[in-house]
Every structure is written in structure tokens, then in C-alpha cells.
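Note that chain A is present in both complexes that follow, paired respectively with chain B and with chain C.
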Partner chain A sequence: MKRGKVRKIQILAVLLLATTLTWSGCAKKEEPKATYKIGGIFAITGPASFLGEPERNSMELLAEQINAQGGVNGHPIELVIYDTEGDATKAVLNTNKLIEKDNVLAIVGPSRSGTTLAVVPIVERAQVPLISCAASVKITTPVKSWVFKTPQTDVMAVAKIYEYMKGQGVQKIAILTVGNAFGASGRQQLLQQASDYGYEIVADERFGPKDTDMTPQLTKIRTLKPEAIICWGTNPGPAVIAKNMRQLAIKIPLYQSHGVASKKFIQLAGEAANGIILPTGKILVADVLPDTDPQKPTLLKYIADYEAKYKIAVSGFGGYAWDGLQILAQALEKAGADRAKIRDQIENITDHVGISGIFRFSSHDHNGLNKEEAFVVVKIVNGDWQVIQ
Partner chain B sequence: MDLSSQILQYVISGITNGAIYAVIALGFTIIYNSTEVINFAQGEFVMLGGMAVIWLDGISPLPLGFSFLLAVLAVTLVGIALERFTIRPAKSSNPIALIIITVGASIFLRGVAMMFWGKDSLGLRPFTGSTPIHFGGATLIPQSLWVLGVAVVVMAGLQFFYKRTITGKAMRACAFNRRAAGLVGIGVNRMVSVSFALSAAIGAAAGIVIVPITLCGYDVGIMLGLKGFCAAVLGGLGSSLGSILGGFLLGVLEALGAGLISSGFKDAIAFFVLLLVLFIRPSGLLGAKEVKRF
Partner chain C sequence: MIRFLKYKWFQVGGFGLLLALVPLVVTNRYYLTVMIFIGIHTLLVVGLNLLMGYAGQISLGHAAFFGLGAYTSGILTATYKLSPWPAMVMAVVLTVVVALMVGVPALKLTGYYLAMATLGFGIIVYICFKELVWLTGGPSGLVGIPRLSIGNMVLDEPRTYFYLVWGITLGAIAVSLNIVDSRVGRALRAIHDSEPAARASGIYTARLKIWVFVVSAIYASVAGSLYAHFITFISPSSFDFMFSIKLVTMVVVGGMASIWGAVFGAATLTMLPEVLAVFHDFDIVIFGLILMVVLIFMPQGLTRGALDLWEKYRFRRGIAEGPI
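== the complex of A and B ==
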């Protein structure tokens, strides 16, 4: 009996201890934990607003969802978002503001390659993790210790197009690139990789981001008799080019970059959009992906949530910021409010299924994507996308 | 394709763009003649015309021609309001202050357009078909003919207005000497108002005809305005004929430069020409007198 009594007391003691612990646990939970401040800098207005606006929307949507589920380890996420207007000077000012005034743990953005390259030296000096939403491969090559990016690189996009063209028996190509950082980076890749695939670039033309007539460039291209034209730009230039090609009755295939992968492009180019081939992230064709695709559920959920909240069609661009904040949230979970640890934890993410692909970061790869998973090749048929590779 | 038909193609696309530059330059000229102000909101009239017609065409079942007229009318009212509420209250200021006011007005109009129509570029169907017309080894689309046609109508109409109507003659009198015109009973304020209305209307018409070719966004006005300004200076500020000549010359030079030299320098060519003119012949090709104030 004595033994039983001791046992009872032991159980009671354990129970008591457990209750106090739970109680104190409860008490701790009721006290709100400090917020995790995350910065965002996007081209919300200005010429690249088609990037910045969905990016801001996506980031706000995700932060809302994370906070509704209790935040990261109980810490709510607080966003501080500024507009760069697509302008490098404003991007630099706002980055400084985020770091010095708002004291954020990490930054998502900027939206454009040019603005990103402008703020890279700042975050490197201040040692703040930055997850860029811009395309250029120069952002993460060579690897900069504090800079990551979520969009597919133009290296992958160019490789994907060149690979597809190989099967089409094309030898001579003309390239037509826009005169900004996106176009310059694409142009460099197109020129660099052409020899790997055995293509001859017979024309290397450029156009201004605001140009409204590209018939001179196309006329010149026509005289050089290429077998395909690759255009590298963002709206509205590429739509004008598609129209100008109809106008000049140029019948060779036109390839575009992922920079125009949105319904907007089809609307702008109208009838002239048909037949254009381009690489794009899977988000445009999410509903026709095979069910075995690991990204399909993530994509469909994102699209549904986005369209339910903002009542506008999703574009391929908001996903960059969505992935950025998802990755940061994962890193924060393990690292807590410590910039250096967040950086280390991002490098440790090796299987994150995101919108733009499956991210496998490492100390020598701060983009984490590969071209097989990140891109599909689509053709515009009757004003809609059709997956062809 | 041989070089001659290649050059023909450049010239055709140059003339199409040049016609637009010429019409915008005429807008600058009209206002400059009556107020000695360079209206940097001229490009915004073009943008407003384009955006308004796209919007009207989208919301109304009416034929495109009706949307065209309505859009021109709306922008004309904007032009009159611009003069009435920004230029007239500051009338006593020197031209530089007035010019800066127009710069402010252009930023304002751009902002309003962005809020109202959004930030994306929009397009419009061509007026009549899109089957290219072959023409001596080169091609052009029917819309280019519309552009040229509208430009010619605007130019001829303006000449008629200036030479044959009382209001037109009164405006010329104001341009020649405002004080004297006032003394003989011409309502100078009304003439200034008419000049803003006129230049807004023709800017809007230019904006509307090019939309099917070039698309239109809230921010297209800056570049078009600057090109029109280049054309006006090239031809000689204040000279109608000079503006027309300057516009076509600029368009063709740009197209030839982009095609034969390098497409990377397309915009640079326009501004290089502007600088050259300002250095060598500041009064422009057909400018009668030295430009006093600049």
C-alpha cells in the first residue's frame, strides 16, 4: 500500500508540474510575440507595374495567410512595402530606408533586373538577405552571399528555347532585344549560347522600351533571311513587333521570352499573337499540367487564392514574390530574428515546391531552379496557351 | 530584298511616324504662336486621345467613328480647361514659369490617366482591316494610310482656318502682335483659349489614329511630346510649314538611322538632330526670326 501511495503522489506531482508548465505556456502564448519585419520593394507603378503590382499583392496575400495560421513560430509577419516606380535611384533610397529606418530582417524584391543590380551592393554591405524577383542571371552569378532570387534565369529561358528550336531544324536566327537590363541580359545569353547549339545569329537588333514602331529593325532582319526571330523584351514592345511582322508579311516563326508570358500580351498583340512560341513558368498552364506534376497543387491553390482576393486574373509574375516570402518564412522558422542565420537557412532549403519551380538552394546556387522543372514551352493558338514541350 | 526596296520600307515607316510627329509639332506651334509658351503637355493630349478612344470603344456599342469624335471633343475640353485653370491665372508670369506649369500639368494628366485607365498598355482594332498592302517591294498596313490621311486633313484644315476664317486671321494677328491685336478689338484671351482647344483636338486626333499601330499606355505622351517638340524646333518654332517638314524629316531620319546604322541609336538620332539644329541654325529650317527667349 505504501508503494501505491508513493506512486499516487508521484503521479500527482507530475500532473501538477505538467499543469503549471501548460499554464505558463498558455500565459506565454497570450503575450504577443514580436513581429518579424520583412521589407518589400517592387515597381508598383511605372513602366514595370505589371511586375510590381501582382508581386505586392501576392506578398500581402501570403503574409495574411501566414498570420491567420498564427505566424512563424507564433511571430506575426509585418510587411513594409515601398514602390520603386521601376527606377534605380528610388530602389536604392527605399532599400536604405528599409534597412536603416524600418530595420527589416530581410527584403523581397526589387522587381526589375536593373533595380536589383543597383541595390545589391547595399544589402551586401549592410548584410541583409535579399530575395530578388528579377530575371537576370547576373543577380546570382557570381554568387553574392546575401542575394538570392526566385524567378527563372534568362540562361534557362534561352536554353529552353534553343533546345526546342533544335528539333525544328533552324540554323540561322535573328535576335531583337529591348534596350534595358532585361533585354541586355537576354541578348548576352542568346549570343553566348548560340554557338553551343550551333546556331548562326545573322541579325542582332535592338529596340527602345517605349518604341512604337519596329518596322525598320524587322525590314533589316528580313533582308538577312533568318529562319526564326527571337524577341527578348517586356510589354508593349514585343506586341508591337508581333503586329509589325504581320504588317511586313514576314512569315518565319517568332519566338518570345518569358517576359511577355501573360494574357495581357495576347490582348495587346491580338490576332498577331497566334503562332508565337515562348518559354514560360508553369503557372500559365497550371490547369492542363499532368496530375503527377509536384507543383500542380501549389499552383492551383495560389491561383485560386489570388483570384478570390483580388478579383483579377493571376499573372506569372506575382509568384516571384510569393516564392520569396515562402522561402523567407521557412528560413525564419529555423533561424529566428537573425539576419545571418536567415541567410544560412535559405541556403539549406533543398526541396521547396514553389510557383516558379522546385527550389534547391546551396552555397553555390542562390536561385535553386533548373530549366527542366522551371519552364515549359508554349505556343499561342487561337488566343490561348498550348503546351508543346 | 534589295537595298532600294529596303530603303523604301524605311521611308514608308518613317513617313507614318513622321506624320504623327508633324501633327504634334503643329500643336506646339499653335500654342507657341498665341502665347509664346512651349506646351509640354502636348504629348499628354496625344495620350489622352488614344486612351479615351480605347475606353469609349470598349464601353459603347457605337461605331468607331463616333468614339473618335467624342474622344477628340473630350480632349479639346481638357485643353480648354488646362488653359483656363493653369495658364490664365498665371498669365503675368514670364514664359519660363508658364512652361514649367505645363510640365506640371503634363505630370498631373499622366497621373490621372494612370489612376483611371490603369498602368497597362491597351490596344485598339485597326479602322479598316489589317491585310498589308504591297507597294514596290515594301509593305504598309491600311492604318498607315489612315494616319497619313488624318495628318493631311489636319494640316489642310489648319491652313484653311488660318487663311480663310476670321477667327484664324485673328489668331494670326495675336501671334504677330498681341497688344496691337487687342487694341483693334480682338479678344486675346479667347484666342489663347481657342489655340489650346485646337492643339488639344489635333493632338487627340493624332493619338487616336496611331493607337491601332502602336498601342497606347498612360506614359506614351512623354516620348511623343518630345519627338514632336524636336520636329517643331527642327522646322523652326512658330512656323506651321516648318513643323510639318520637321516632323516628316525627323520620322524618315529616325527610320533610316535605325535601319541602316543601328537600331540602338533610334531615339538618339532625333535628339542629335535637335542639338545639331540648335547649334547651327537655332531658328530652325524655316524659322523666320531668331528665337528670342531660348
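== the complex of A and C ==
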């Protein structure tokens, strides 16, 4: 009796595997000829899922909207999206899969700088346009012919902050950066650009991504008497720093990076958040932007559509993939199903109003953003954002 | 004895011949890339299986040796412009030194304590990759690793790299089959079954355990170098604790104490997520389900389990036909 039962379960397991295989077999066959196939690779699960998930959602939302309006020149867009889990090996495998098996026209993603740098050699060799959603400057400098990116770079964020500080008469600054890829890249830019603006960095301290107390670093900084502190990190560390500064009664201004530009940070830091100044993409302050801002209608529409469909608050990250697909759709309209022509057409886009800024691509600029439009400087006043520059 | 040896070489030769034909039939770069990763994983798992399956010593830090190989190769070639082949040899030397330093004290431990020690080692190495920014590039990774070349031929096509990876992996399989069938192999299995008994029958267990630990570390180091030169970019997240666990899973699913099981384990666990990708968000659930089913019904691993099913089938048929 018992043996028969085990056997039944075994058969069931085999059947399950068999269905899996046939299922994958079927999926390959449905290829209506008229669709434009676009690939997406995002870190949908894993430690960077806060990037990948909104990116995938935004891309699906936009594809739906484009198809509802009749597609690109009558061709519907078909998305093939894979998960990298933020892992370089997975990213390489999935990129090869998109190019060789799914035969996509272009790819949006990956979400992280590391995974993007891992797939760059593949798309360069296969000659497939790639629009990355990752921040690192290394992706588009030096310019690679098939690689583009939509997010603002750290270079711009640092320049924006330094520029603002210039008007405040600051000379001596202390920097406090987090020990991950975001903090490392920010620290490098802070150190590099300081001399361009004539600042002296008197303290260069670091903290771990999970640290819960930064009083040692702050005590050390206090003895060095800087005129401002710049913190470059992602939650929750920067909120701890804001609170520790209150406790130690350090009265100098605190600047933060765009890494904490979310309501979550204000919740975490509470009362201590007030007075903090930071650069951010316009999406967070869309409703308080002046009506003359050319990006305002695009931003408001994206936020409304996203929140209506997914019933969760919009984050700044989904916009990277939204911009990526918008740019591709525009290029496709003129180029048709030809990878080389799509690449050329992206370089010809010189006035695309997107979420992260106004894109002006050229053969020597594959990011297309500038710091004046991509970032605004905001100050936290009474638990809300106030645009100050 | 000679017949048996012939049989073993026949296995390796047949498998090699089969592999040699693959790139002639398969031209799709995606499938070739998957098979290159299977090759790299096989190399790792064959080494780990010698340690875990045969000698019965668990290592939860094997990703560290893989990473040491990858980072030594990567740093020497990308930052210091050394030629890749000598860099690979230096990676092996460094790995041997580290394996000895870790192995000599750690392998005095057994069971959970050994697992904890190797786990700690893996995490320490991972943190070093992450924090030694000036050397490793830190969390943002190391870029600009050159591709391997033989003479003037640069191995930048998946097809040529396929031959290289599987050539080395086949060599490693052959060496491992030889080790397993030798006096040393029998001694290792004796340690697995009972260390005091092995010691009582004159086996120098301490030295043998360190020896097999170092051998499996060398396999991992070479696999790491091959990985670095194939992807041309490495970052710490590829060598974290989860990867060590994945390797252990490959050993267990493929079958402990079976060299061919290692090949099966690596192939199954590398391909399965690719096949399951059609289920989108549910792939992880189904992946877990399949692993559970395998481990519940084939606790000895796929290779042994499949053989058992076949034996059972033959046995039943034998009974059914018997009386007639």
C-alpha cells in the first residue's frame, strides 16, 4: 500500500517536470510576426529588489499604454523580462538569452552598476542597443557605441551639492560615506571634485550599511571643526547620523545624497530630518514644482498612472526603466526593426522630456542629462520637501 | 584491474567525445554560455565532492577559494597587466597557501564546528573582497579583466571558451576518478565512515584531510580564474555565502561520493533556473519544490537515485517474469 502511494507521488513529480518542459516549449512558439520584442533585465528579487521591482512595473505599465494606443507604427511591443537577482552571472546568462534565444531588438537594464558592467562586453560584441538603469559613471564614460543609460550620475549629484554650498560660504567640509557601491562611488566623486570648487576635506569617515550608531565618527569630526558635513548613503544609516548630530548638539549644516530622497527617510529621522539639504530627482517634488517646469506634466502623469495600477507609492527608481522604454519606442518609430538603426536614432534624440530629466543624446554623450535639469536641491522643512534651488 | 581502468577511461573519453561534438551542433551563444557555466560549476563541485562526499568533511566556505582564484587572476591581469596564464598559476599558489593556513587548524574540528569554521572563513574573505577597495575595487567590482588567449588566438567566442573550460574540467574529472580509485581514495572513504577506525588501521588522517582540502581548493581556484576571464568583470556578490550553499546543494543533489554525480548536480542546478524562467514569479517556488522532491525520494542524490529506480524496475520485472 505504502509503496504504491510513494510511486504515485513519484509519478506526480515526473509529470510536474514534464509539464514544466512542455510549457517552456509552448512559450517559444507564440511569436506573432508584427511585434517589436524588447528585453528587460532587472534585479527583481534579491538585495536590490527596491530598484528592480519598480523598474519592471514601470516598463510593463508603459508597454501596456503604448499597445493600447496601437503600438509603435502599428507594431505592438512585446516585453521579455528576466530577473538578475542582482547577480553578475545571472545577468550575463540572461543577456545572452535575450539576444540569442529571444532575439530582442534592444534591452533595458540591468538595475545595478556591477551587473551592467558585466553585460557591456556582450552587447558590444552582439551589437544590441542597451539602455542601462544603473548609476555609475563608468557605464557611459568612455562612450561605448551600443550602451546608453537613463539615471543621473553621482558626478551630477555631487556637482549640484557643491555648487549650492558655494553660495553658503563654506570652506572646510567633512564627508561621511557608506561602505557599499553607492557610497564608494559618491566618496570618490566628493574627493575628486572638492578641489574644483576650492573646498578642503578635513575628515573622510565611513560607516557600515547596517551600523546603528555613528557617534564615534561624529565626535571625531566635531574636533576637526568643519563648516558642513556631507553624508553619502542609503537608509537607514543617514537617518541615524541626523539623530546622532542632534544628540551631540552639532549645529553645522548636514547635507545628504539623493540616496535618501524618499519619505521613508523623513519617517526614520523624524524631527532630526528638518533642516537637512539634499539633491534629488524631480519626481519626489513633482507636486511642488513650478508650473513652468517642462517635466511637470510628464512626472504627474507617471505618478498617477503608476499608483493607480499598482496601488503602491511611486519611487524614484521605476522612472529609469520608463525613460528607457520611452526612448526606445521613439527610436523604433523612426528606425523600425533594425538594431543598428535603433542605435543611430537614440543618438539623434535631443529633446526627450523624461522622468529623470530632459535627454539630449549625441555621439559623445550616451546619458544625455545635465545637472541643472536632472537634480533640484531641496530642504526638509516640517517633514516635507521644499525646493530651494 | 586493467579492464576496470579501461572502463573508466572509456567513460571519460566517451563523455569528452560527446562534449567535443556539442559546439558543432549547438551554435546558439546562449546555450553555449549555459554550458560553459555548467563546466565551471562542475569543476568546483567535483573538487568539493572529493572533500565532502569522499572524505566527509563539510566546507561552507568554498566560494572563498573560487573568489580567491577569480580575484587573484583579475587583479594581476587587469591592474598589474600580467599575462593571464602565469596569473592563473599564481592564483593557485596563493590559494594553496591560504588553504593550508585555514585547513591546518580548521580540519582538527569535526561536524558542526568544522561547518562553522569554514563558514566564518568564507565570510571573512567575502568582507575582504568588499572592503579592500584599493585592491579589489570594492563593492562596485573589478573591471577590465582581459580574455584568455592561446598563442595569437583570443578565446573571446563562447565556442572556443567552451573547449577550454571543458578540457580543463575533463582533466579534473579524470584526475579525481584516479584519486578515488587509488589507495588514497579508499583511505578517504575510511575517514568518512569512521575517523578513529581509519586512524587505527594506520591512516594518517590529519595529513590526508588537509591534502584533500587543498586539492579541492585548487579546483575552485582554477574555476575562479576561468570565470573571471570569461565574464571579464567580477564583484564580491558572486562569491558570497549563498554561493557556497549553492555548491553544497549541487554536491548533495548530484550525489555524494560520486564524480559523475557532481557533473549531474552542477548541470541540473545551473540549468533548472533557466528552464523555470518561464514561470516568472513562481520559478523560485517550483525550484524549491523540485529540490525537495529530489531529496525526499532520492536522498542519495540524482545519480544514485536514478540507478536505484532502474534496479527496482529490473527487479520487479524479474519477479513478474520469473514464474513463467
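Convention: the second predicted complex is superposed on the first by the 339 of 389 C-alpha atoms of A that agree within 3 Å, B and C clash if a C-alpha of one lies under 4 Å from a C-alpha of the other, contacts with A are read in each partner's own complex, and residues count from 1 in each chain.
Definition applied: contacts are C-beta pairs under 8 Å (C-beta built on N, C-alpha and C of every residue); 3 or more make two chains touch, one makes a residue touch a chain.
Remember, predicted model here, so these are calculated numbers, not experimental data.
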item: Chain B versus chain C as contact partner of A:247, first or second or both or neither; value: first
item: Touched partner set for A:239, first chain B, second chain C, both or neither; value: first
item: Partner chain in contact with A:114 - chain B first, chain C second, else both or neither; value: second
item: Chain B versus chain C as contact partner of A:271, first or second or both or neither; value: first
item: First, second, both or neither for A:101, with chain B first and chain C second; value: second
item: Contacts of A:211 with chain B and chain C, given as first, second, both or neither; value: first
item: Chain B versus chain C as contact partner of A:89, first or second or both or neither; value: second
item: Partner chain(s) touched by A:180 [first = chain B, second = chain C, both, neither]; value: second
item: Chain B versus chain C as contact partner of A:307, first or second or both or neither; value: neither
item: Footprint overlap on chain A, where chain B in one structure and chain C in the other make contact; value: 45, 47, 179
item: Residues of chain A that touch chain B when the two form their complex; value: 45-47, 49-50, 53, 179, 205-208, 210-213, 215-217, 219-220, 222-223, 235-236, 239-240, 243, 246-249, 264, 267-271
item: Touching residues on chain A, where the partner in the complex is chain C; value: 6, 9-10, 13, 16-17, 20-21, 23-24, 27, 45, 47, 82-83, 86-90, 92-94, 96-97, 99-101, 113-114, 117-118, 121, 125-126, 136, 138, 179-181, 184-185
item: Residue ranges of chain B touching chain A (in the complex, touch as defined); value: 1, 6, 9-10, 12-14, 16-17, 114, 119-123, 125, 130, 132, 134, 138-141, 210, 213-215, 217, 219-220, 222-223, 254-256, 258-260, 262-264, 266-267
item: In the complex, chain C residues that touch chain A; value: 28-31, 33-34, 37, 130-131, 133, 138-141, 143, 156, 227, 231-235, 237-238, 273-279, 284, 286, 289-290, 293, 297
